[in-house]
Structures are given as C-alpha cells and as structure tokens.
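Here's the structure we're looking at; comments come further down.
Chain IDs A, B, C and D follow the sequence of writing; residue 1 opens each chain.
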Amino acid sequence: MKDETNNDANTKVPMRDELKKRVIKGPDGFEFEVDPLRDYYCEEAPKEHPPIYVKIVEDFFNWARSESLWILGFGTGCGAIEMRPLMTPRFDAYRYGIQWRPTPRQANLLIISGYLSVKTLKRAIRAYEQMQSPKYVMGLGSCTINGGMYFDSYNTIKRLDEYMPVDLYIAGCMPRPEALLKGFEDLKKIIRSGKAEGANHYAEHFERYKENQKKVILDWDMPDYNW
Amino acid sequence: MALFEPDRSQYPDKNPDGTCDIDLTSGKYLKVWQGPNHPGITGNMSVELTVCGDEVVEGITHVGYLHRGFEKLMERRSFIQCFPIVCRICVPEPDFNEYLYAATVEELAGIKVPERAEWIRTLILEMGRINSYLMYLGGQAGAFGLGIVGQWTTYVRDLMLDRFEELTGARIYHMFILPGGVRDGLPEGFKERLEETLQEVERTLKDVHEVMFQNAVFKKRTIGVGYIDPALFEPFGVTGPNARAGGVAKDVRKDQPYLVYDQLEFEPVTDTASDMFARSDVRRRDLLLSVDLVRQILRKMPDEGPIMTKLPNVLHWKIPRGETYLRGECSRGEYGYYLVTDGSGKPRRVNVRGPSYTHAMALLERLIVNVNISDVAGLMVSLHTYPPEIER
Amino acid sequence: MQNLFNRLKAHFPLGEITEQRENLAFITVERAQLRALLLHMRDIEGYTHLVLLTAVDWIEDGQLQLTYLLNNRAEARDVGLRVLLGRDGTVMDSIHDIWPTAETYQRELREMFGIDFPGSPRVNDDFALEGWVDIPPYRRDFDTLAFSEKNFTHRDGRETRDPRQHMKQKLYPDGGA
Amino acid sequence: MEFEWIKIPYALLTLFIVLNYGLLMTAVIRKMGARAGRRYGIRFYQNYIDLIKNYSMRSKIMHGYMFYLGPVLRLTGGIGLLLFVPTIFGSEMWSNFSFSGDLILALYFVFFGTLGMALGAGESGHPFAAIGVSRGLSQVTAAELPFAIAVFTVALQYQTLSFTEIVAAQQGGFLNWTLFTNPFAVVAAMIAFLGMMMRSPFDVVLAPQEIPIGPPTEYHSAYLALMQTNRNILPIAKIVVYMNLFFGGAGSWPEFMLKAFLLYLFSALVGVVFPRFRVEQSIRFFLIWGLPVAIIGLLWV
C-alpha cells in the first residue's frame, strides 16, 4: 500500500477500493450504481451569504449570534482537556451563552484545540464545511499559530489559517481557561462589529483553500463539496 | 487463538487477515462511525462500528488523529531539549512522561537523584493520579448521562490543579521533574493547603459514591457488562486497574517498587467481577488509596536536603551507548520508557509504552463485539484509555 | 539473570548478554531461534507479559534491531530479546498468535519502520499516518525537519537558534574563550 | 356549544403566553439543574437568544420535503395539543377550542409530533438519526401504554370524554383531584410522564454520548429553531393535559404557572440524579411498573 522507494511527496495516493465507483445489488435484487464520493453531498461550491438585512437588523442578529455561541465538541488536540473545566463550576462558560453541541450541523463555532495532525485536518475540514453560515473558527494554542513546539514535526500543520478562515487565535501552550474566556469575549466583540465573515471569505477564496488543503492531504478521498 | 476470539456464532467470522467480510448491501447491517467527532469517544480516536440492530457485529479502532511523531522529534533534540516536550505525550497525566524520561536518562548517565527529590517526585505522581482518576469518574458517569458527577469531579480536579499550579507554576504541563531531580521544593504552607484539598476530594467522593455507585440505574447499566476474561490479561498485556478489577493484583508500585514506594505501606486494590462496575469501583478505591499515599508522603518526606544533582554542561551532555527500560504504575496501567543511547548528545531511540496502547486497540476490538451500541461509549471509558499515548 | 542466561544457553544458541540492572538484561538472538525462544520463555520460564515490541535503526552498520521485551511478574524481572535484521526489504515473522496484542505493535512497525510481518492481522492498514508516500518516518534517514519545511507552509517570523551558539554568544559576547 | 370567533385571538394569546412561559421556565429549570452541579447556569433569557440566532442563520440545507415537514409536524402537534385543551378552567375565553370528546384528540396529538419527527429524521439519512427514531418510537409507544390506560381510567371515572367536565368534576378542594380519588392511575400516568418528557433516565432517544443527538442530528438553523419553539410548547401542553386530568386543572394563570412549574420540576429533578436507561431497559420499566399500576387503577374505578 505504501511505496517506500518513492521519495516524491506530491504523488497521489491510490484511492481505496471502497471509494471507487461500483455497481451494487440491493437486498431486493435491484442493481444500482454507487459513487461514494458523490453520494449524499451537494454538488456545487459554497455560496456567499452576504448580510442582506438593513444594518440595524443585522446588528441585532449579530448580537444574538455573539451571545449564543454553540461550540462543536470536537477535541482535536491537547486543548480539549481545558474544555472540560470551562463547562464546569470553576469557569462556567454557560453564563456567557456558550454551549456545546455534539453535531456540526447545529454548532457555529469550531474550536481547533491545539495542533492538527494531517489526519485530523481532513475531519476538521469536513466538520467546518458541514457547519452552517455564519460560522466562526478559533485557533487554540501556539501550535495552530506557527507550529509551536511541533515546528519540525512531519505530521502536524503549521498554519491553521491556510486551511480554514480563523477569526481568533489564542496563544499559549496550552492556554488557560481564563484566556479562553477572554478569547470568547473578544470573539463576541468581533462578531458584534460585523467583521466575523469567515464563512463568506471561505466561499470567496474556495479554490485557494482547497488547493492548500489538497497540498497537505495527499489521499483526498472525499468530495470537494461536502455539506 | 480461539480462546481470544469473541463469540461470533451468529455473525460472519473473521478472516485470518483480520478483516471481516460483512455484506453491507444485504440491508441487515449498518455501519456507524463513532468518532473522532463524537461526544462518547475518549479523546480523539474513532471506532468503526458495524451494527446489526442494536448489537455491534464488528468494531475497528482507528487511531493516529493525534500523531505528532514524538519519538522522531526526540531523536533530533539534545537530552535536555527533550525534557520540555515529553510531558505533551499524555495530556491528562503528563507527569509520568517527565519522571520516566528523567529516570531512564539518569540510569544511563549514572546520575544519582537526591532522596528529597525522589519524595517530591512521588508526591507529584500521586497527585497526578488523583487528577486522572477524578477525570475518569466524570467521564464514566457522563457516558451514562449522569453529567452531574462530571461537574463535581471536575470541580475538585480544579482544586487539585490549583495545588499543582502552586507547586509547579502550571496547570496541565508541569515540566517539573527534569533529569537530575526536581525544579523546586514545596512552597510555604503547601502541606496544609494540600491537606484541605484532599479533604474536599474525599467529601466529593462520598457524594459520588452515593449518586453513582449506589444508583440502581448505574448498576443496571454496568454490572455484568463489558466483562474481560482474566485469561485475556496476559495475551493482551492488560495492566493496571483493568487487571486489578479481574483479581490480578498487578501493580508496579508493589511488584517493582520505584522511587520511594518501598517506604510507603499500601495494598493494591483488587476486585473480582472484572466488569464495568468493578473497574469503576476499583478506580474509586484506588483514588482513595492515592489520597492516603499522598498523606503518608507528606508525613514522611524530609523537609531539608538537596533537590537537584549537579548535571554536566547540558549543552555538551553526552551519554554512553546503552539501552534500558523503566516502568511506572500510572492511573491506567504500566507506563514504560525504552531509551537507547549511542554515545552522542541525543537519544538514539525513545519508545513510549502507554497502557492505552494495548487496551484501546487489540483488546477493545475483541470486547466490543456483541455489545449493545448504547454501551460502547461506557465500555471505552471503562477501559480508561487516552489516545495521545497510543500514537504519540 | 546470569543463570537464566545459562539455562537458555543449554537449549538455544544465544548472542551476548547485556545486564543493564540486576532485573533487566538484553540478549541478542538469531531470527531463527526467536519464535522457539519466545515460546520457551513464555511457557517454561514464566515470562508471560509482552511489555513492548519496537525497533531501533542502526543505520551506520545497516541494521534494524527489533527488541522484544518480556516481563516475569513473579520474579519481577525483564528480559529484552534483540534481533538484528538487514535494513532494506526487512521481513520478520509475526508473533501475533503467541501474544495477540503484538498485532498492534507490528502494524506500527510496518508503518513507521517499513518492517513487514506476513500473516499479521491488518498489518497493511494505516496505523497513525494516512496517505503516507515518503519513506517510513522513524527510519534515521528520514529528515522530519526538511519534510515539514517542504510540505507545510510556515508562518515567517519564527527564529530557531542552536542553543550551543546562542549560549556561547551570551556568555562570551566578544566571541573569545 | 356554538363557536365564537373571539376565541381565535384568545387562543393565539394563550399560545403566546405559553411560549414565553415555556422559554423562561425551561431556562429556570436548567439553572436549577446547573445549581445542583454547583454551577451558576445559563442566563434566564438565553433561550430567546438561541431562538433568534437559529432563526437568523443564513444558510440551510434541505434533505427533501419530509425533512422540512418533520419539525413542522412536530410543531403542529404541540400547538394543536395546546389549542384543543382548555388551558384555564372556568373562563370561556381561555378554554380555546375544547369540545366534548377532545380527550381522544389530545391523545392523538400527544403522539402526533413524534410521528412527524420520525418521518423527517428518517429523511435526513443520518444513521444516528435512524437509530434514534427507532428508539424513540419504541420507547414512546411503551410510555403511551400506561398513559392511555390512565386516561381511559379517568374517562371511566368521570363518565365523560371532555376535559372541561373532567376538570369540573375535580373542583372544590384538592381532595377531589384524581391524584387522591384514583392514585394508581396518577402514579402510572406520572411514570409515563417521565418517559414522554424525554429526560434522563429515559432520554436514550437523544443520548448525546451514544448517538449524538438522535433524531435532530441533521437539523440546523431554522429547522432547529422550529423544534426549539416546539420544545418549549409541547411540554407545557402535555403538562396542561396532566393538570386537567389529574391535578384539578388551573383556575387562573398564576395557578396554572405554579402547577406547570412543579410538574416540570418533577421530571427535571428525576433527570438530574439518574443516569440513562438503555432502550430495552426503559421499555421493560414501563411495561413492568407502569402497566400493572395503570391496570390496578382501571380496576379501582
């Protein structure tokens, strides 16, 4: 499966068998063709959703969005361990309208808690694309900013904003819960001022993001548009 | 092999190469991914479940979402440069990495650690064990929808983290135990404050015992579920509380006393049921044991004396060729470091033997078959695995 | 330890023994003897616990060292069996039927060192990496820094100093001494 | 009784009051649960913000028409149940569209939303949603059984199928409540109540740690907002049914709010201290404990 003599890191990895297009015979004897990379997914690229309402309404909506941040409970790295104190008595993040949702459909804030290995980056991208606009991304820890102490690791990405639009970084290894709370407050300010349009930015520069992602994820075995 | 294979009487059998050919198009089976983005998963790993109705036919674990290549990174760092990054290997209980790395380096370099430093190391390890167990109890209860226990335990865990912060200056990654000794002694009045925190821990554990372990529903969910046959312990390298819950008193603190454990009196906590409830209960009692050990340490440890030996110039520090393996009893089982040096200033090879490595991969794939899908999360938590130490 | 070595020596041809501690020793064995030796250790000597199975890359003398570390809990003793193999196209026989947990180690070795274990369950599946096309990362001739600089986009403004030079400049600013 | 147009605005007013009351009450209950966990808890107006936010989400994905109809049907179930049950006893205006024999309609509406949800979630094509639906239907069916029997018991007891008359029969001191005239039926109904409120130990349908989060997994933005609205109406509507059947109805809004709060609190407090039953365990629980008690109540009459 792995080719050890091949030193060119940019060669395409052969696609796995279960992902190839094939014809399947259903339980009722009915034959149909299955293309796993196309099933159940929208075909077109993400559309921009510019703010359409008049300013005061948008401001009101932005206030509502900023006051009810639903975080996708996806612990991608070390930082996940500080998420739990956030939800619990010491630093009770629920006071600030912050809740945890288990499914990306209902969340609108993705917290990349720490370094992202290439394998996790693929899942994080899917989770991000399944979230509904407007959506925000917070990068946690030095390793999302410039690699941190994994600057020479062969399996972790070094700049998060190359692969998805980041609204806010929180430095530190790892950031304390107080820093997270402060970060939430700053994110609320950004959202209220209407500057948190990461989803539109992502849709606008979709090709560049996809190019960056495919440059790192060598076995791209998922559709380009999945939401 | 037949002994180790689960009962597959009603399901298609495994092929010798480990795959299991299940005809998904028959409409009888359903493939469900539990994780990596799933609240019922421990950390960042995933299990690929094939369910038939409500029962799991096959579970394949996928790890590597946290792989950073530590063992490679350490090969291109000098010995003292490795010390800050080793604690990142296991997030919830980082101290064992620091201690074992320091101990292996000391053994190969022939460094003797002052006694007081050893006492402080033992204190840190036991406090870390308390933290890890508190986190486990919350997770085990949360896996069954009893979130309130998680609230309580995380609260007292924060109190313990305060003590850590007081002692080491950091909440999670302490970077306190470095080759040659420890960074600092106990601050003023630390023992009293730690004693108060321990009492708070015990108080919370009483509540937890009433809400969780005497709860009819919790018993209904856990007793007799997730049974590990003690015959599987040796073949699958089961250690720590998972083995102790099955009646095997495996405890490195007793078997091969390291640090100052030979001067502390304690008995390994054991149970016989070897199911989920027994594992949870063993961990709860082991947590109380750790509290007692911390008290003993505070009582017996010397207040005076050096805490650091003079190291050679760490920039030119070379260690002669050799290889060694040291183990410690962390909260999940046997944690080991295998260090190989080649006379240069950098380690030749470091291999971390995390207990989750054996528990969460081969063992879990056996246990998960024929389990109700509702119990998968609880079963994974009850093995108490931390993915970061599987893939490093 | 020494008498264990002599007892084993009666049955198997063994290489040299390195006594690290009084309860830890490493013995070099031939690949052909390994399987029988493991069974002997497990069934007769009571070394029933496979602690770890890993590899060390001695690239200078072109050898890969496989280390099987066994533990005897009753006597609180550990024995590491070293097997030296060639570096290119390395093949080792699987022991997953002696210790089923070995299949995990063998999957990792297959991925990280490129050592093949024919017959081991799912040995060719991805373990930690996904879509890896370079040489196995744990081999010594794989330069992780160069790889990461080639593949990932770095944020500029990060400076890394060699500690030796840095300390020298801090201590002796005039470059003397 | 002839139909009066003035009832319509009053019915809508009832809906409005109940919605706001539900939003506030659920928040307060969640705060109390948080206090049990030594937390401060959410802000009491948090539900409003979440609602506005979800309605103001910009993008939404459609998985087919049934997927869209699911929340609508569920909301219809909630509102319908509320509209056809006399909220406040005595006042002609607040008794909404209740008519003789509305008991049967109410029974139907209690089940209605779940069916709609099942259809919609099935359309979303998410495996967890499918599992959640199968669990939800089986559990709700099991919970319905004691409830239905208890309702028939009450109907037999008072020889009527109209809420208004049932409530009328319970007036004059709380000793006339069904709670005291026929305790077995009430106990059975309360057991079913726990199951119908979808709270722990019977929240295996949502079960975040097992099947995040069951049927609503794929629902987002406006769909989710619809379901949130319903989540604040349907429990109150159910509580109204219970109040009328077993707890002597409510003579005024304050009385209504007090009783609704206590009833909701009952299920919430049970949920705080109990972990989750597995689905077959919960069904067994209903059939072993709920059913015989209900039958005893039936024989009691």
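Just so we're on the same page, contacts are C-beta pairs under 8 Å (C-beta built on N, C-alpha and C of every residue); 3 or more make two chains touch, one makes a residue touch a chain.
From a predicted model like this one, the values you see are computed outputs, not experimental measurements.
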item	value
Furthest chain, CA centroid comparison against chain C	D
Between the pairs B-C and A-D, the one where more C-beta pairs touch	B-C
Inter-chain centre distance, chain B versus chain C - centres from mean C-alpha coordinates, in Å	22
Intercentroid distance (Cα basis), chain D paired with chain C, Å	61
Inter-centroid spacing, chain C versus chain A (mean Cα positions, whole Å)	36
Numbers and ranges of chain B residues touching at least 2 other chains	38-39, 64, 67, 69, 72-73, 76, 151, 155
Sites on chain A at which at least two other chains make contact	88-89, 102, 119, 152-155
Residues within chain C bordering two or more other chains	128-130, 137, 142, 144-145
Graph class of chain-chain contacts, one of line, ring, star, complete, other	other
Touching chain combinations (by label order)	A-B, A-C, A-D, B-C, B-D
Sites on chain B touched by chain A in the complex	25-28, 36-39, 43-44, 64-69, 72-73, 76, 84-85, 88, 91-92, 135, 138, 150-151, 154-155, 157-158, 161, 171-173, 388
Touch list for chain A against partner chain B, complex	24-27, 72-78, 80-82, 84-85, 87-90, 100, 102, 104, 115, 117, 119-120, 123, 127, 149-150, 152-156, 173-174, 176
Parts of chain B lying in touch with chain D, wherever the complex brings them together	30-32, 38-40, 54, 141-148, 151-152, 155, 211, 215, 217-218, 220-221, 372-377
Residues of chain D that touch chain A when the two form their complex	34, 37-43, 46, 49-50, 52-53, 56-61, 125, 208, 212-213, 216-221, 224
Residues of chain A touching chain D in the complex	40, 42, 47, 49, 60-61, 64-65, 67-68, 70, 88-89, 92, 94-95, 97, 99, 101-103, 105-106, 108, 132-134, 199, 227
